[in-house]
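The structure appears below as structure tokens.
Every chain is named by a letter (A, B, C, D, E and F) in the order it is written, and numbering of its residues begins at 1.
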């Protein structure tokens, strides 16, 4: 496999439209790392995510980004996917949720998905907050 | 086990506070059926749900009900719990989500939880809509 | 595929040892139905379950059957497998758990696996109890 | 919402390319029912599934359909999605797997996803076989 | 957010009753770390867990702690929550289960939840045992 | 507990037959580490896995190893078991899948199990590839 950097690969309109939203929600640091680290093996996954998830879904007008973030936190906590959960804690902050509102979301997760999911979710959210606070 | 009907059992303040919210979200028909059908075996579950879920969580002021409904749809779809999912489709409508907004929620579920979860979620939502439309 | 009935198929010692335990836990009605309904397609599954699950695990001396039933209820509720959950509610009764103890198990499930799992588990347990009560 | 039948809605090239594969794998009966029953609420889900799942993934040249069917049976059994599992049992037969090969797949599911998943998977596969045999 | 340490926060009777049980099951080291590390963000989760899980459920008289530990190991293994699983391996030892009995529990997990869950569960149990042995 | 090394323990025919296949699929390094590290606590799990999983299932003649690897990747991704997923990425390569074919498998996982599962699966596959490339 070759190693064409993400920035040099051909990308269509849907990719660019999805990428803009992805950057606004997850932040440039996360997205740059994902794209720059891509190679022939996983470039198709970058395309799928950016087009399928970020353009086809997130760019639809019928639901605001704040609501989409709340929905994602609930789903990804239930799916037990830690890396993505932490990325979407950042996304929720970028989409305007306060830490107090995120706390409410996580308490509801604890009751519907179960206490162990709640404990894990609070630990991960605090890790993200600590990373953000350390950068300031 | 005896068979004291739900309406005749002693209930504290937290129960009543949770019950009021539960009725507003899920509707009287659903809640009456749950309470009237309760017996000694499952009354403790009615108490747990009504106090912990509906008073301790849903009655907290830090998050609006519309957001809580969106969160629940995402969690319960990922948890693959059909009965509760259908109850919370009704809850989402009662909390002000339009059918168009619910569609957006379900499309996002299809991408994050996977296509089979999306297919199931759309089928169940349509069953609820058909039940509602048949009553009108 | 041919249609040799379960009773007429050759079966080894481990199968017979597992089958005896399976009958004691799940009851003859359940097991007869499973064996009599078996055909060439699923006989290998009957063998796998009876030998590996019921002889290799349930016949091990280091844990009593009552504890194994409690463990199964927790796992199968979390796995969200309704048919097997109902079979093991019967198994729990056969292994000496009272309905009151089963209630305690299900309340704990509601808190660790989440409220929707608790609601489903209580509904299914009551269906089993109603079936049993109708037979008396 | 209006009620434009699926056959009368505008559809692009990716939709048609995905639809052809979807028909070949799941059969016309399944697909016609899905399309004809679609309305304004779930048409977007039909589009998403047909374009992203059936064109973007199934039409990629790098993996044969037989392998894709095996993969789907494993995933959908683990995801515990009965309706889709049954649809993809049919798909596996249409993609050339024999009933004996499907049995091998399901036995492996029983060991990796757990005995309850195996029991459910065998039951559902037999329901599909019985439906097919009744049509002959 | 302020940073009132857990020990200095106001706590009611249900909290104290739950806390006593939580300490007996999970050990002072685990609980002190959880409380001392709590801040405004996650204190509500400490309250929810201690009251809801440890007082409302664990302090109910109808099921012994040994049984509750067995149940928890099964649920938390199926839920795939490693941190909590390890905490409840310690809890099981504190509630009187021997390592040999825990082995039996994990073998049953391997068959019902699947081999990968069994492999993970054995690895985590051994990590806990090694930590305990290193302290002696 | 004593500490008899795996190589010195008595083992029957089914164990040896399963062990040979396990070595061919997962590689000697993985298997030696598992066996050499086994003690009285987890030896029964080594036996269960080797006999139940590797002899009873993998040694059945009705399905080729390449297909079994594809099936395992789908199941284990959906089960969200990272350690085992990485072991079976190696297994898939040993069973003749190319990296390009593994990419196709993972893209299909992303659509059926959901985008977060796809992201995790790609990351883990790349970690395995990097380990392999570093050894060359």
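Criterion: contacts are C-beta pairs under 8 Å (C-beta built on N, C-alpha and C of every residue); 3 or more make two chains touch, one makes a residue touch a chain.
Quick caveat, the model's predicted, so the values are computed rather than measured.
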item: Which listed pair, C-D, D-F or A-B, duplicates the contacts of E-F in over half of its pairs; value: C-D
item: Chain pair with the higher count of C-beta pairs in contact (C-D, C-F); value: C-D
item: Interchain centroid distance [CA atoms averaged], chain C/chain E, Å; value: 27
item: Rounded Å distance, chain B centre to chain F centre (Cα mean); value: 41
item: Multi-partner residues of chain B (at least 2 other chains); value: 48, 52-53, 56, 75-76, 79-80, 103, 107, 111-117
item: Pairwise touch network: line, ring, star, complete, or other; value: complete
item: Touching residues (chain side chain F, partner chain A) in the complex; value: 80, 99, 103, 106-107, 110-111, 114-120, 122-123, 125-126, 129
item: Complex contact set, residues of chain A against chain B; value: 52-53, 56-57, 60, 62-63, 66-68, 70-79, 100-101, 103-105, 107-109, 111-113
item: Residues of chain D defined as touching chain B within the complex; value: 1, 41-42, 44-45, 48-49, 52-53, 76, 79-81, 83-84
item: Contact set on chain E toward chain D in their complex; value: 111-117
item: Chain E-facing residues of chain B, complex; value: 48, 52, 56
